[in-house]
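Read through the structures below before going on.
First chain A sits with chain B, and in the next complex the same chain sits with chain C.
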Partner chain A sequence: MTFVRLPQVKRLVSIVLVTAVVTLMTGESGNATTPPTTGPHGAFFERVSYFGLFGARRWMVFLTIGLLVYGFTFLYERYMPPVRRKVRTVTALPMRLVQKRTSRFAMYAVAIVILLAIPHIVTQTYWMYLIVEQVGVWILLAEGLNVVVGFAGLLDLGYVAFYAIGAYTTAWMTGVLPAPPFLHHVIPTLWVIPIAVLAAMAVGVMLGIPTLRLRGDYLAIVTLGFALIVDDYVGNQNGITGGGEGSLQVPHFAIDLGFWHYHWGIGPVPYYYLCLIFVALFMVIFTLLEHSRVGRSWVAIREDEVAAESIGINPLKYKVMAFAIGAASGGFAGVLSAGLIGNINPTMFQYQASINILILVIFGGMGSIWGVALGAVFVQLITSYMDNYQPWGFQINDLYMYIGALLIVMMIFRPAGLMPSRRRKREIQSFEETGEGHLDDVLTVDDS
Partner chain B sequence: MGFAHFWLSGFDQIRTSFWAYLLVGLQNGALYAMIAVGYTLVYGVLGLINFAHGDVFMYGGFGAAFLTRGILGSSVASGWATVGLIFAGIAMGGLVSVGVAVSVERVAYRPLRRRHAPKLAFLISAIGASYFLETLAGKEFGYGTNLFPAQVFPVGQTMFSVFGTPVRTLTIITVVAGAATLIVADRLVRATKLGRGIRAVAQDSETSSLMGVNIEKTITLTFIVGGALAGAAGFLYSLQSGIEWNSGVELGIYAFTAAVLGGIGNLRGAALGGMVIGLFGSFAVPFAFEGNTQWVEIYTFLILIAVLIFRPTGILGEKLGRTA
Partner chain C sequence: MSVETAVQSETIFDVKNITLRFGGVVSLRDVSLHMKRGEILAVIGPNGAGKTSLFNSLTGVYEPQEGHIDFTDRHGRTISVIGKKTHRIARAGVSRTFQASRVFSALTVFENVKIGAESHAGIGAVGAIVRGPATRRGERVSDDLTLELLDFVGLRKDANLIASALSYGGRRRLEIARAIATDPDVILLDEPAAGTNPSEKLELAALIRRVRDERSISVLLIEHDMKLVMSLAERIYVLNFGGVLAEGTPAEIRANQSVVEAYLGTSTTEEKG
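And then the complex of A and B:
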């Protein structure tokens, strides 16, 4: 059986298996009341008519693509190194220009102009809503989690709890929950922001002090448990949190200074600018933090906790700090989405959403502020698009299947993310001996 | 109803139907113990929480449920057919789960291990595998459809009574099968050459590879043992409550709590922890507000957090290499 040990054969086998899995993933949904084979049978024998391929079966389409990829991998290995070298020499000059300070500022200016102009470019209210609700809020969440996972290297699977705390604090303070508002005094939504952010930070500290002494993997499960508890609590305390229905009329934001007042109404555009300001604010704060003493301490703890401790860094203090700072942005995202949508309910804060935020961080590149922001924009726009138009029979229920697969694939091929932070990339490379993952490592027949 | 009154009535309920709660607790405890073995063995050998283990369990339940339904249809088995079907279900559940567990190891962990990836990468990959498997089951077998296996014996059949409380056949079968599989696993790890390999790798993988232990095979073996027990548990669980696409999440977390409570990496600890968590969860039911069993979940988590904070090494201590 030496035949199956050949790398070419192994690669072919793994590609065929991956093709089969993809066929299964994208194919028909089954149901336990029908025979168990309905789903797979439907997936493999359904006739599809995309790309003008009328009547071809789904697996044929995918197998063709798979075989093309198989051929391409050889071409890639054979011809890619010289091509890459050539590309590098050609792009060397533009890259150096781009990295200059003046051109960087020019790029920032262009980006700011585009961001400010987006409400004029995207004219449909629906998509504008989507951009605030699905992209803006989630960038805040992802940047917050990035502080915890990317900067401090702590895997927090309960991050969505801070989002919930922000949103429910808003509803509580504005007096729309069954529980009477704080001190029986209702305050406007905008002034809840500092309170909700502080509340989220306080909970972050309270959760962090006992749990951050734990090892990394224990921390993951405890934070997951925390998110589950918060989720259960808000979903079941009908008398306090409104139970499964939550609250339906969180008031919109409004400023009233006596001589000037402004009311954020139903339209999404004012929220977009509000969101933009705060996203920029948080990104600037996080960038400054990253290059401060605190940020360097995080790196030291992440790379070697014992060594960090030996040079006088208190790991617990800095880890709790990361938790609290990360929580702040999550709490703010909660206020924003409560004020924008006006209704909050437990389904928004299910613990699975933490995984959703985690994929944004990993996709963009752990520890890279710009990477995370762009990753969040990209992933959130694609999922929203898929959810709305359901191309190729996509169903939103299946979202976590794709997210799970994406997590595995990312960890194999690009653990540092699409736009890795330089430091993080170096770390991962120094950790590993052989650089990036190889196709043959996946699904191969045992070579021992 | 006052708060104190609520707690008092809870104790009263336990006093009046102590045996019923005890039996439920034993049954759940046996299931948790069987699942916890998988967490504990993998943690002992790889130092990794296999987040996908709960879903491995769930697939075993589905496999067995489909097999028994295929054989029996809608009739009710009796006599030797019952015995045969129970064994078939356990075997099928075990087989399916072993398949899933080994594939997870191949796809999600092995490539990372070869690259000496940092631990965070393993955790993220494990979570990805868990979500992938769970949602795939939901897609193929229906979200929100609870599938019961065929009636391998009449539902609600009782065998005998203890102090006036009827003991159900299902409880007996679950506890006996759980004890048997746990003993087999314990013997396998402690008294065979393969088990010695597992313990050696858990203690020091590099040295044991120098001593001629095949590390890759040993790791696969731990996934096989853990998967087989989880699959058997999946069948036994589905007889009681049916199996659903997200059954693995809750059970997985309970079993993980059990593994930590007993001392993760310690096989006997996992069995003990499973029993403790099972009994605790059962006796906590009267204390759930408004009869909502999600409170039991909250109580169990609080236990987990308390254990991790005050005694992170568990009741029996860690280290598969030394004590298993």
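And then the complex of A and C:
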């Protein structure tokens, strides 16, 4: 029986078990409402098939995927480790810059060309809409949450509230809510962007100052509560926010500089470019922050708050800063989607959306700006595709089961995400090797 | 060294009758301590005597219920420590290391020290985004200081290594560099030699002496290694059961009968065995 303890065998068994669990979880389409023909006293296999283990052919699909993953990780473990372990010492600074500059510029150039050409490649309006609404907006949301969760290490389960604030500020300022606009003066949609972003940041600060003294789990619950309050507020205040219907007529963006006038109109392509500019802007800003004193302070607080304080870092200040900066891109995402879709309602901002954003961050790699963007593109495109083409009898109701299974598998094999941030990866590595330097062992200063 | 004797008389820490309780447990009982600028002061005592509690009280991690702690910086400004937040006390000039080394393991050795070095540079989020001349100057100053301190503790060659890749002794030195980088008046070292080998201990003792002599930072240290304490400290406080048992020069402490009974007797035999 000793061979069962071999890591490879253990892993194989765990993959088969995960496959079985996922198959059971996802079940046969429609089974939840259709009772089995022979009732609960039927034959064993019929009962089993009621739960979908044999009734659906999808277990074959899952098992194949699982075995492929197993084969891949087996080969990876077999041939990669000696190479991987040695890359621990980073090359000297000037050398690193040279290597980076050339390869990076090439990468950026290719990426920019592809991104600019996308409206010419994707000609269907429907898919262009999807790219902006389902991918672009969600990249913004994920990048913002990444600042809070990935950089500062604060679990925010109510991030969607900032999205809602951005969207509702847009509607309010443009005068399409029952509440009269600010100072009874309607502002063109485009000029709402800075105001909505600032509003989201201000709310971030207001929420942050009292709550960010809390640690870990408590903060997660407070932010969850905040999101529920915002959701209920916009859903119930018919006289102010339009209640369940929200607003159906948020005007499209328009820019008017006197000599030059531009109207965004109904097509998605102009919005795509607007979105692209802002995604790039936020990504640049967040990258600059990550490698500045602010970013280093976030890492310090995330890793060891007591040690960070001992060198003069004010944890509350930097946490509030993370909240406000993260809220900025969430607020902008709200403006963008309000302007693009033209209608907003409370269902867009339910707390499920917070979890979805968090999934994108975890999937892409917490703390990794490129990873999060890539993760958002990947997950959002696949979900949109699945929803529209429904391959293998896929149903949108089952979506979260698949995403859940995906996350379980991710956490087993790639805990730091699709494209891990270098800092996060090191953190996990050092924790696994020494058991030191992890988030939650602050204040365990023992006295001797 | 006439300048040093001139400032020697100055007080840096004035602890008066502090008592620290956790529920019914008394961790520090009526402790008074006086530390002069420029001295190397050691706090010794058996396990559970309250040494780390004293450190945590001095740095604002714990708040003693009774007593006063006054800290005076090099400009003669005196602040009351109790009730102040840790980061404010750190900014005022009190820096520390921890018993179990607490380097930021996700950052490189260089970045670890740089965080300390830039704690006084006024770089905010806006500065980091705009990267104007002031920000760049601040970055350059803290980069220079960081490299200087890495040289000082002998970690320059490991600057780009991930902090967790350092040896135990290396992490100790990194922590000291990070603490010095904040430009403190006094540095509190919590068992700096714990877990290091004899040759590392010698280097460490030399380093601690250089911290005081070359960077004129006063040193307050907790240490179990008697040889190190006796050779390094100029004055020693002995804590036992949360109270001060004795105070004096190493020679006086060695001769003190109650100290020998309470602590040194057992410890020195352990040291020999």
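Simple rule for what comes next: the second predicted complex is superposed on the first by the 340 of 448 C-alpha atoms of A that agree within 3 Å, B and C clash if a C-alpha of one lies under 4 Å from a C-alpha of the other, contacts with A are read in each partner's own complex, and residues count from 1 in each chain.
Definition applied: contacts are C-beta pairs under 8 Å (C-beta built on N, C-alpha and C of every residue); 3 or more make two chains touch, one makes a residue touch a chain.
Keep in mind that this is a model prediction, so the values were computed, not measured.
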item: Residues of chain A touched, compared between chain B and chain C (which is higher); value: B
item: A:194 touches, of chain B and chain C: first, second, both or neither?; value: neither
item: Partner chain(s) touched by A:312 [first = chain B, second = chain C, both, neither]; value: second
item: Touching partner for A:288 - first (chain B), second (chain C), both, neither; value: second
item: Chain B versus chain C as contact partner of A:397, first or second or both or neither; value: first
item: Chain B versus chain C as contact partner of A:296, first or second or both or neither; value: second
item: Intersection of chain A interface sets (partners chain B, chain C); value: 427, 431, 433-434, 437, 446, 448
item: Residues of chain A touching chain B in the complex; value: 24-25, 29-33, 36, 39-40, 149, 153, 155, 157, 210-211, 213-218, 220-222, 224-226, 228-229, 232-233, 235-236, 352, 355, 358, 362, 397-401, 403-408, 410-412, 415, 427-428, 431-434, 437-438, 441-444, 446, 448
item: Residues of chain B that touch chain A when the two form their complex; value: 48-49, 62, 66, 106-108, 110-112, 114-125, 127-136, 138-143, 145-147, 214, 216-217, 220, 253, 256, 260, 289-290, 292, 294-295, 297-298, 301-302, 304-305, 308-309, 312
item: Chain A to chain C touching residues, read off their complex; value: 88-93, 285, 288-289, 292-297, 299-300, 303-304, 306-315, 321, 325, 423-424, 426-427, 429-431, 433-434, 436-437, 445-448
item: Touch list for chain C against partner chain A, complex; value: 27, 47-48, 50-53, 56, 59, 61, 85-88, 90-91, 95-96, 98-100, 102-108, 111, 114-116, 118-121, 123-125, 127-129, 131, 160-162, 164-165, 178-179, 181-182
